């Protein structure tokens, strides 16, 4: 098993993107697996020497997961593994990567390995801006990635060289649902739409943000 | 998703106010989401590198939440996320913001995004004074906020420049109920009053402070 | 809401007394609230940057609470909040204040706000001596308090100036029941006695110290 | 309530003995109370700034308590309070004092206040030797104590001045049952014996050490 | 019991491989045992002074174990013991060794003691590359081991002297199933295949990665 | 109660052996007691200032205990007390001593006090080598011990002076069952064998290592 996989599709494995120092990007694969819990109730268990902000980002992702799927998460342990991060990981820009890996593992839907992604998540599913977006895109291009998902709010920060621009497609997104649309693999388009709808159903019910209500004076 | 939102209305998102150093205010958005719990019982999970007083303020807010809603909080996890606070957060002046975000998420009622707020909460729902109120109001004004909710007891501390005074309305309050009246969005006024009454009912039952009983000599 | 309240009566709020440095007293209000628990079982949650001895004093108070009331504390969270103690609190002299605030909140009986108190508690309800009694009494007098409850065993330590002595009544006590008699507000005297008896009933059953049994030689 | 009590009998209060520095003894009162538990199951909660060895001695005492009484300890919290130890407590020589206070509180049997005691406990009820026995006995005598219980194995270490020797009776013991015989107050001798038997019954059943079996060669 | 065992077959014992400093390999035996749990639910308990990455590797292995066996792991404690590591253990290259020892203990299938192994595990059962592979192989050869299992992705890193090359067979693998095929002992080949299938069944069901689905454009 | 006991037989008490510094042995008695649990489930509680390796050795012993006895350990707390170790204990060479004391307490079978022992335990019951065996044997001899149980794998390390060699019998062992055969006291030989068989039965069932199966080529 080589740590670098940039083609085909795999369940529970997603290519994330990291910055080392201030100007060097790299592909950071993340794997997830779900298991029956050994404890009284389920938990999310993340490894890879996550530091404080990274650990908190896992908690934020868990809010998405708990709302996303209709399966009973009380009997489920969710394992998340950052591969090869022996010097630790800090930051929250892998949130979308972690969320995608977990949803892939729970729903057993493969993830495109020619896609890489970066983005922070709010507890309500918004994709929030991150740092080092240009270095990350270039690292993805060099590694053979074909498509890079980034936060819409980072689009202005992208200043990549022409040669890399030709190698990768940049996909700006604002929600985790958009991330899933671009990264997950479904055999037929209509299956895909049905599945996302099914996955979002509990979430939809929980959210149910009313469409742009007019403020009243109180 | 841009971190600055100052118009419309959103569920589970509230514009708080912070002071950096001793004289620079800023808008600090806070998001909340509720999910079915993965653990044996529900918990409040707050992220954003909260330091000691800020963590304790979350505990105080939880007293309000547990009394406010009639829903069974034992099966509910409450996620609270301070957005973008990568250098940590200290203090308890975001208590009203956190409480409002959570109640919005639980009750699925949108919050006005042109409103910002600051204030500490007692475990019984009183809004207690905070620091830096002038800097906070000016920062809100600059960001495009139209209305700033502050503790009544801080009213004397407000010394803002004329140009900012024209931009924002200042709303002094003494209880969390007043905060909700100004920040939550209801389509019709009567709905609003019914909802607040319903939300407060458990709390009312728990409180039931007798109106000004005469002391007896004992 | 002003942190200083010295008249009327409120549920779950008690004026405690503190010493800062070695010779400066102040009024330290403490609030309590009870809520349905979100966890598997109830707990006592105290905020205000309590240091080690202060945290232990909360545990000692919890022994009193668990014996005092007949209500099922397993479904109840008890929140205790020291107001405005942003530099931390050390010592156990607020034990009677905490106990009074909690019992007021649980039983929904108002506390006289013109009363302030200081005293450590044993796990069996004895009021134990504390430090700085003179400074505390003077601070209470200056703040407008009319009656100060102190441990009987501290009576010899009281050396206050004539002008303060005229302003406040000093009430020495030996048990938490005496504290409650002086601080809680009942509409009618007979109601009061009935209520205290009812509150103490479980405790009485648990205690049941035999009246002065003669030692036997063994 | 005065911290020094050396006459009469009280439930849940026992005069222990401590050494400060290397040559100064003092009377160290310990109180215990039992309450219905607020948690899922019972626990022993000890306060008084206990350091590491002292905390472990509480665990050892809990082994005795769990075997001693037939009552259901799963629904019971046991509170132990070292009075006035604001500078911390180290060592295990208060084990017999703690055990006696707890058994008194659980069984509601008064303890003689003219008795003081020192001794470490094994998890099987043996009274083990302690340090500073002479200083402790002299401190007890000075405080007005009439009888001091010490470990049998410390008897050789006792070298007290004649004047103190006249003031107190020294009682060497080898088991916690002997401690209880000397410290607890029963109205009638036969009641006492019955009670101790009843208290020891579960323990007796658990122990049931066979009388001096001959070793077999294996 | 000698720590070095290189022949025969034993349940719950596997020869791992370690590197000390940067250039000295050694055989590191690991034992596992399963027991009924004493706690409310099962847990994995690992000893041998495991440091941070090593502790996380145990968590990753637990993901494999929870998916691998159909037995109810909620009533089972899994004990893992690194033998003789009194100076601590760091790294994740013993993951395959730990997983093999646990599966042997749970399924009661002996492990070949003339086999040694090294390799990190992903939470989905992939064998990931490790460091010091050459030193480890040489140490195994010197100790009398006949077969060394290593990650396929480390094959290029193997540069061993001729004399050691003759002593041991090197077996590159990519999944934990392959490790088990080479290390576990079954009396008959068909039993083996049935057993692995049975062991993998729950896992297979959980995994069910679809064979190379074609990406759709979304 | 004298800490040194070297004759007769006692339930739950075993003479262990320790090394202080690098060349001075001593007898280290260990006591165990079992009680009904006060918590939700049983636990092993060890005191005596155990450091990291010593604490892990207690976990390893617990694997043996959970498999050894057929009694329901979920309702049982197991207390282990190292006597007199006020400066802390490090190392795992008391594992056999702890296991023997616990099994004696659970099964209510006396332990010979003229026997001392040293040895580390694997989680599967093997007795593993320890350090300082010669100093330990000499200390045992000086204290009046008649028989010393040591790991078989330490036999070569024993180099004791002639005069001590005459005083004690050295018994090398490889499993915890052998330790029990030499240390526990049964009134009749046949009872002993029946009891060990009964004690080992659950364990036997769990182990059931097949007798030397031939490896198959896979």
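Per-chain residue numbering starts at 1, and chain names A, B, C, D, E and F are given in the order in which the chains are listed.
Simple rule for what comes next: a residue touches a chain if its C-beta (ideal position, glycine included) is under 8 Å from a C-beta of that chain, and two chains touch if they have at least 3 such contacts.
Small disclaimer: the values here were computed from a predicted structure and weren't measured.
Enquirer: Compared with chain C, which chain's mean CA position is the farthest off?
Expert: Comparing chain centres, E lies farthest from chain C.
Enquirer: Averaging over Cα atoms per chain, report the distance between chain A and chain D in Å.
Expert: Their C-alpha centroids are separated by 60 Å.
Enquirer: Counting in whole Å, what is the centre-to-centre distance of chain C and chain D, each centre being its mean C-alpha position?
Expert: 30
Enquirer: Could you check chain D for residues that touch two or more other chains and list them?
Expert: 40
Enquirer: Ring order from chain E, via chain F next?
Expert: Chains encountered around the ring, chain E first and chain F next: E, F, D, C, B, A.
Enquirer: Flag every residue of chain C that touches chain D in the complex, lowest number first.
Expert: Residue list for chain C touching chain D: 40-44, 52-53, 56-57, 59-60, 62-63, 66-67, 73-74, 76, 122-124, 126-129, 151-153, 174-175, 206-210, 212-216, 218.
Enquirer: Which stretch or stretches of chain C touch chain B in the complex?
Expert: 1-3, 8-13, 31-40, 45, 47-49, 77, 79-81, 83-84, 86, 108, 110, 112, 114, 181-182, 185-189, 192
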